[in-house]
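So, here come the structures, one by one.
You will see chain A twice below: alongside chain B first, and alongside chain C after that.
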Partner chain A sequence: MDVRSQISMVFHLDKCIGCHTCSIACKNVWTDREGTDYMWWNNVETKPGTGYPTKWEDQEAYKGGWKSDGKELELRSTSKKKIVPNIFHNPSMPSMDDYYEPWTYDYKELFNAPEGDDQPTARPISMITGDPIEIQAGPNWDDDLGGSKVYAANDPNLSVLSDQQRQQMQAIERLVMFYLPRICNHCLNPSCVASCPSGAMYKRGEDGIVLINQDRCRAWRACVSACPYKKTYYNWSTGKSEKCILCFPRLESGQAPACFHSCVGRIRYLGNVLYDADAMRAAALRPDNELVDAQRELILDPNDPAVVEAALRSGVSENVIDSARRSPVYRFAKEWKLGLPLHVEYRTFPMLFYVPPLLPVMSVSDGALVRSDVDALFADIEKARAPIEYMGKLFGAGNSGKVRYALRKQLAVRIWRRHVTVGDVTAEAASKALLEADCTVEQADAIYRLSTLATWEDRFVIPPFQREAAMEMMVDPHEHRAGAGFGFREAPRRS
Partner chain B sequence: MESPVKRTVASRVAAMLVLCAFLSVPGWSQSQPSEETTQFFRQNCASCHTIGGGPLAGPDLKGAHERREAKWLTAFIQNPKQIIDGGDPVAAALVRDARGVVMPTIPGIDASLAEKLVALIAAESALERSAFAGLQISDRALTEEDVRQGERLFLGRAAFASGAPPCISCHAVEGIAGLGGGRIGPDLTEVYARLEGRKALAAWLSAPPSPVMQPVFSRQGLDSDEVLALVAYLKDAANSGAAQAAPNTLKLVLGGVLGALALLVLFDIVWRKRYRATRRPLVHLPRRRVAAEIHS
Partner chain C sequence: MINDFVLFGVLPYVALVLFLLVSISRYRTKGFSYSSLSSQFLENQHHFWGSVPFHYGVLGVLAGHLLAVVAPRAILSWNAEPLRLMALELSGLALALVTLVGLVNIVVRRLENRLARRVTTGLDWLVYGLLLLQVGSGIGVAVVHGWGSSWFATNLTPWLWSLARLSPEVGFVASLPWLVKLHIVSAFVLIGVFPFTRLVHVLVVPNPYLWRRAQVVIWNRPRIHRGHGG
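Here is the complex of A and B:
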């Protein structure tokens, strides 16, 4: 057993209001430089929808992630053989058009406009060419377009639904949508790292954050194709690829990442979990419908003495293990089985877990009215507006049972709380709901508290980073002792 | 009073003078041509000259040291073109005898090497049969089989035993292969006639002296059977009466353009499933469909 620690995340989708504050916080901190203007390390998508870049989930086109025949795990995008014929051009990359052409406005035309009868307007200017452009698309172009015939109808996840179900999702008053905020998943088995021909990408040993060494990146862009979530981006100005760094400089000083910190709905949770790196290969080879369980089994119980002993042997320190014991991610993903990985069928084991949203599946339409009485609000999730199969495709690798379990448990917690606070649900009915949802009263209270009342300290359990110990593994801390300065570092730049 | 130091210097100078005098005795150096000089002669001179084997492209050098002054010989060996251009009557006669073939200036010959070469000629002339009395190429009649083998060797279909590169990589012969062979070296269609026949051509092939071929073939020479086959083939080419091939630039350029186009079409077919775009077809195709519905 090779136990390691991984910084992991939970997004509680039921609480996301789609305000994009996270995206803006990230943009202002990290990607407001030339060449990064089109990147959104954090973005919020509307589902059903095609997302950013357009149809990123369509791996037939983009060739991201791993494929498995049950015996071997292979990258879909590249291999030692494929890299040679594609040496001059890495295929299957989203083009600028699939992201969007970033733009600003020519504000001078507002300020310097002569007096006249018409309102002056600021023309959109491309941030790539500097010329006026006609805006064709944006990173959240399909925001809130739940029933769009272009965007919502082309969501790749709808392929699991029957024609009738798809038509129902498009029908007036049955339209349904929810938000899906996305950052780099800092996967356990990252295909981007595996694809890098320069060895520039790595997963930090002490916390599993996936990073790109800007000194070693040689602009092959293999990671851009290989990442199934399209969360590595090519900086056209420096000629290096960049990605979400999970704000590691903030984490190292005990702060939550910018997008987590700024989240208005407080949907984001962060903490470390312990996992077994030795078991990963076997887990990644399991069939699609077992992958959610396979990933859960990788995550180890930090209270188990055998795990603690193995962790200490692997060099995970006592206070990191202690931090894992308090981790909200462990409770959501492993203990309560509410947190589910996004598209685990790409077999990268994403370490960002989503609590599937109850909201779009709730309430029942009755003719022209949407009923809001108790019976309708707590209707069986099988009669949900959004088909469970669709959610299953997103969060269960096609196994909608996993989503059904998580939604039922959330619903049971609501029924229980309705009984406690309002009282129009009988104790028998509430207990029955909890029992059916595999939930105890204590667990229901704990879920309620962490979902609704959680403080900063509850949501973000940041392990002590001990960079000094991590650095000693790679560099000699005495290397620059008694020297003058630390030498020169050059910003990445095309030469 | 003489100092000990001066005395030592004087004795050293005397010793060096004695040594120089000893080394400059001609008879001594003539009797012992060094291995390097022999090797140099074999690689650079033997393809055109014999010593006692009759003329090839250049005259037989047997007794040359008696026919000409040593000073003239060393000067000529070092830079033949300068002597010929200088209007020297003897040199002019030599050029006339060689039907206009001018001896190339061999790189790397300085005065001392030239002297050693003259000494070598003198030494070899004195022998009854010199090591440079001409190549031991068989005098047998050339057969059809020789011609075919020569063509195979020329084209590279049969490899040279030493691993030397085939002729076609640098040379062309009219009517050989599709594009007519290499254009780095001269066209060899009429080389048999140009070099005056079998003996000279064989000598050339045995040790090609040109600056480009010499470094390659001095290490990977041809054996006498191969030389004979090539001579047969080149003789056949010369006798076929074909003129030297003119390089067809237009054909080459057109072929290149058409070939490139064919390759591009092929690439497009092979990689027809490559990634092109996602968003544009997604957004623009439904629009076109809607427009079509309105018009119908």
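Here is the complex of A and C:
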């Protein structure tokens, strides 16, 4: 058993209000430079919808992630066999058209236009060339367009639904949508790392954060094709790929990543989990419908003495193990089975887990009136407007049972709390709901507390990074006393 | 004569010294820039018809030149049979034409597409100009002065080896036609400017990828136990 610690995350989708504050926080901190202008390391999509880049989930076109025949794992895009003949032109590389051409407005014109009869206007201009452009689309062009024939109807995940179900989802009174915030998943088995011809991409051993060495990246672009989530981006100006770094400089100083910290709905949780790296390969070879369980089995119980012993033997320190014991991610993803990985069928084992949204029928039209129906709040999840198969395609690799379990448990907690706080649900009914949802009273209270009342310290359990100890391994602090603290780095410029 | 000595006795050394020193020093001091700035992300269709034929063509052509330098006798004995000579000449010409098609596509694409043009620098245009001159003059030589595979082996190979022995025998090239001389001179100019331009990506071809394991894990602290994963 090779025990490692991995920083992982939970996004509670029932709480996401789609405000894009996370995206803006990230953009302002990391991607407001030339070449990164089109990148959104954090973006928020409306589901059903086509997302960013457009239809990124369509791996027949984009060729991201791994494929498996049960014996071997192979990259869909450029495996070792395929890289040699395709090194000069990447066959599955998305282009800027799949994202969007970034633009700004010619604000100067508002001030400098000569006097005339018309109001001066600020025309959109390309942030790449400076030429005036016609804006065709943007990164969140499908925002809130749950019923759109252009966006929602083209969601690749709808393929699992029958025509009738699809038409129902388009019907105006059943229109349904929810928000899906996405960042790099910092996968256990990252296909981007495996695809990099230069070996510039790597996973940090101590915390599992996936990074790109900017000096070693030589612009082969294989990672852009290989990442099934399209979360590595090509910087067209420096000729280097860039991606979400999980704000590791912030984490190392005990702060939550910018997108986590700024989240208005407080939907984001972060903590480390322990996992068995030796078991990963076998887990990645399991059939699609077992993958959610396979990933859960990789995550180890930090309270199990055998795990603790193995972790210490693998070099995980005592206080990192202690942090894993308090991790909100462990509780959501492993203990409560509420957190589910997004598209685990890509076999990268994404370490960002989503609590699926309940999306209940909130109101019922009664002739000309729309009346609020309290009973419907607690109606069976099978009647929810988003077909369970659709959610199963997103969060269960087609195994809807995993989503049904998570939704039923959330619903049971809601019924239980209704009993406690309002009292119009009987104790028997509430207990029965909990029992059916495989949930104890203690667990229901814990889920309620962590979902709704959690403080900063509850939501972000950041393990000690021990960078000071790591630095001492590389440089002797006494020898470097009074030296230049930050060293001499080359500016990221080509000329 | 003095011109010939400068062009074929001095210029090659200047070019090679520049190539060696600048390649190494740029790798050490400006490692960030050591690649070719791909523009496939900005334009993904025309790119295929430029990059692919050019690279495959130029690799074939360079392999042919290299073969003539290291194994001139083998080339000459192969060429003893007229049919085999024709086959060699024609396949060389075909490869050169493939290279030219790719190169023209590359240049046209970078002129036409406003996004690709945005990331094309002056040095890139210099490279494309020199490459056009090089490939064009090479095809010219192949068409006008036939049987180049044979006279390369008899004249140019001994001259190149004399350069390697540091006693350049310019006489081997002095009598060659001007088109051939142009081809030689522009080749050494290309070698000289090579380390300053995008061409350096040739030196960092990612061959270790083929035998490294899939996942790369970097530890800050040495580990007590190392697993299979890295």
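Everything that follows uses one rule, which is that the second predicted complex is superposed on the first by the 455 of 495 C-alpha atoms of A that agree within 3 Å, B and C clash if a C-alpha of one lies under 4 Å from a C-alpha of the other, contacts with A are read in each partner's own complex, and residues count from 1 in each chain.
Operating definition for what follows: contacts are C-beta pairs under 8 Å (C-beta built on N, C-alpha and C of every residue); 3 or more make two chains touch, one makes a residue touch a chain.
Since the model is a prediction, treat every value here as computed from it, not as a measurement.
**Student:** In the superposition on chain A, see if there is space for chain B and chain C together, and answer fit or clash.
**Tutor:** Taken together on chain A, chain C would clash with chain B, as the superposition shows.
**Student:** For A:154, is the partner it touches chain B (first), chain C (second), both, or none of the two (neither)?
**Tutor:** first
**Student:** Just checking: does A:92 make contact with chain B only, chain C only, both, or neither of them? Give me first, second, both or neither.
**Tutor:** first
**Student:** Output check: A:199 vs chain B and chain C. Expected answer is one of first, second, both, neither. What do you get?
**Tutor:** second
**Student:** In the overlay, work out which of chain B or chain C sits against more residues of chain A.
**Tutor:** On the superposition, C touches more of the residues of chain A.
**Student:** Regarding the shared-chain residue A:493, is it in contact with chain B (first), chain C (second), both, or neither?
**Tutor:** After superposition on chain A, A:493 lies in contact with chain C alone.
**Student:** Name the contact category of A:302: first (chain B only), second (chain C only), both, or neither.
**Tutor:** The answer is neither, since A:302 touches no partner chain.
**Student:** Touch check for A:357: first (chain B), second (chain C), both, or neither?
**Tutor:** A:357 contacts neither chain B nor chain C.
**Student:** With chain A superposed, which of the segments 5-13, 77-85, 167-175 or 221-229 in chain C collides sterically with chain B?
**Tutor:** 77-85
**Student:** Go through chain A and flag every residue that touches chain B in one model and chain C in the other.
**Tutor:** Residues 93-95, 97, which sit in both footprints.
**Student:** Residues of chain C touching chain A in their complex?
**Tutor:** Per the stated touch rule, the residues are 29-44, 47-48, 51-52, 54-56, 114-115, 117-119, 121, 201, 204, 206, 208-210, 212, 214-230.
**Student:** Using the touch definition from the top, list the residues of chain A that touch chain C in their complex.
**Tutor:** 2, 73, 80, 83-84, 88-90, 93-97, 101, 128-129, 131, 189-190, 193-194, 196-199, 201-206, 214-215, 217-221, 224, 234, 236-240, 277-278, 280-281, 313-315, 466-467, 469-470, 473-474, 490-495
**Student:** Which bits of chain A are touching chain B when the two form their complex?
**Tutor:** 50, 53-55, 58, 61-63, 91-95, 97-98, 136-137, 149-150, 154
**Student:** Any idea which chain B residues touch chain A in the complex?
**Tutor:** Residues of chain B touching chain A: 274-275, 277-280, 282-283, 286.
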